[in-house]
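Next come two complexes, and both contain subunit A; in the first it sits with subunit B, in the second with subunit C.
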Partner chain A sequence: MPTKSLTFLLMDAPYEQTRTATAFRLMDAAVRMGFTIRVFAYEGAVSLPVTQQKPHPNALHGRNVDEEAHPVPHVWVRSLMQRAVEREKPLDWVNCGLCVDERGATEVVSGVRRGSPADFWKMVTGTDNALVIPTR
Partner chain B sequence: MSSYVLIESRDPFEGRGFGQRCDLAAALVVHGATVTLFLLENGVLAGRGTAQAHELEKLARHGVTLLADEFALRERGITAGELAGHVKPASLDALVEELGAGAVVLWN
Partner chain C sequence: MRVLQIIETAYRATLEEQDDTVLWFTRAIRSAGAAADVVLAGTAVNYAVRGQDAHGLSIGAWSQRHPPAIDHELTKLIESGASVCAIAEDLEERGIAAESMLAGVTRVSRKDLSGLLGRYDRVWKW
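Right after this comes the complex of A and B.
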């Protein structure tokens, strides 16, 4: 039986919505359960894999960088892709090119590729199911 | 038989959309579909036994499966014992399984 695949469309920019964390929890579960994952990042979501994101300390609460353990979405992207490779089901992550240009989100995690909404159409037509996680 | 999962991620008490989507779930069941309502994020607030979310009681009577993300429940300090009897805690694995089985999944 061939591996099933799922496509996710993300739209939220990092550090904005709980939806982003939930989306990564969902995709992580899907990888763990043996699905091949495809991701199309649209609008603000193209900034999720941007490698310039940095964790920071929290002076107000007296915590250093390690203690603060601030979430860094590009690390989530890299970890998810690495886990998928370990399971021999590489994750295909496509950033919308126009959205990338608008935001200057060009320095991204290795393996993330540039595409267009046509790539999302190809993903959807070639996958077992798709979930669109819209902005509000 | 068609299968649908309606995800409710928003606070059900901040607008009328929750009730309208519950109407949609009930209508899908009437037309022969299998429907699950999956409460995520602030949507789990509707699942508390003390919440005045009568729409969920109605959906349970229609045969809609009502699930609440156990992670979102923990984040909000809601124990399984505080859920209404017709709402069951579930992991996101259940949602992934529905996706894998071909259910139409709508995120709200």
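Right after this comes the complex of A and C.
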């Protein structure tokens, strides 16, 4: 029987590790392949869906803000969630509540909810497998 | 479902967090029903040493009132029924003798690790 649902735990803050982009690539591939995805964001990863992130110009690159099209993770989150909805398998993204409080990461992409490790455990027990991607 | 948490990254932001975030997380999911155990590896084997004291951090007028107490966290985890073991070779490399370790933390050699992993449904390395 093919695996149909996956839980991801992310831990890295945005703009710190290539693991974040890799995790999004994995999740995007999984959504495209029809998997149901659950995400638990722990520690710095709760900042991934923060909507105050803004793209910036880059003088060294010689590009204005539009030309530069700097990646912002909250756009990745929104886009991934949108794609999952289009596939009729909505993506459940839970931000660790205490981690949110520590960082003031309260303004987030619509649909991201607040939770606790208990929610992570519910995700794990309700999906076929779980991938933890911790900080190093 | 049995879960094994392998902790290798030690003292990551423990002063800011006032604990180890993975030990904290393990205790939290155990409270939610997870049968989660712990293996300490690499630098994290130092978590098993008794009598650690992180008091004294001060920055300007601010001083820390509640520093992390990793040994206390581990003891609480063990008291909750979790199995906690440390990689024997990593302990030996660091000169950590059995008599300096917390009660309840057992040793596992690398050659026995694969057998241990096989007893769990999920293995997560932090």
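Here is the rule we use: the second predicted complex is superposed on the first by the 133 of 136 C-alpha atoms of A that agree within 3 Å, B and C clash if a C-alpha of one lies under 4 Å from a C-alpha of the other, contacts with A are read in each partner's own complex, and residues count from 1 in each chain.
Please note the rule applied: a residue touches a chain if its C-beta (ideal position, glycine included) is under 8 Å from a C-beta of that chain, and two chains touch if they have at least 3 such contacts.
Predicted model only: the values in this text are computed from it and were never measured.
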Clash or fit (per the criteria above) of subunit B with subunit C on subunit A: fit
Touched partner set for A:22, first subunit B, second subunit C, both or neither: first
Subunit B versus subunit C as contact partner of A:113, first or second or both or neither: neither
Partner chain in contact with A:132 - subunit B first, subunit C second, else both or neither: both
Touching partner for A:56 - first (subunit B), second (subunit C), both, neither: neither
First (subunit B), second (subunit C), both or neither touched by A:33: first
Nearest Cα pair across subunit B and subunit C, whole Å: 6
Subunit B and subunit C contact sites that coincide on subunit A, given as residue numbers: 132, 134, 136
In the complex with subunit B, residue positions of subunit A that touch it: 4, 6, 18-19, 22, 25-26, 29-30, 33, 35, 128-129, 131-134, 136
Subunit B residues touching subunit A - in the complex, by the definition given at the top: 9-10, 40-42, 69, 71, 91-93, 95-97, 99-100, 102-103, 105, 107
Touch list for subunit A against partner subunit C, complex: 9, 42-43, 116-118, 120-122, 124-125, 130, 132, 134-136
Interface residues, subunit C side, partner subunit A - complex: 1, 3, 9, 12-13, 21-22, 25, 28-29, 31-34, 122, 124-126
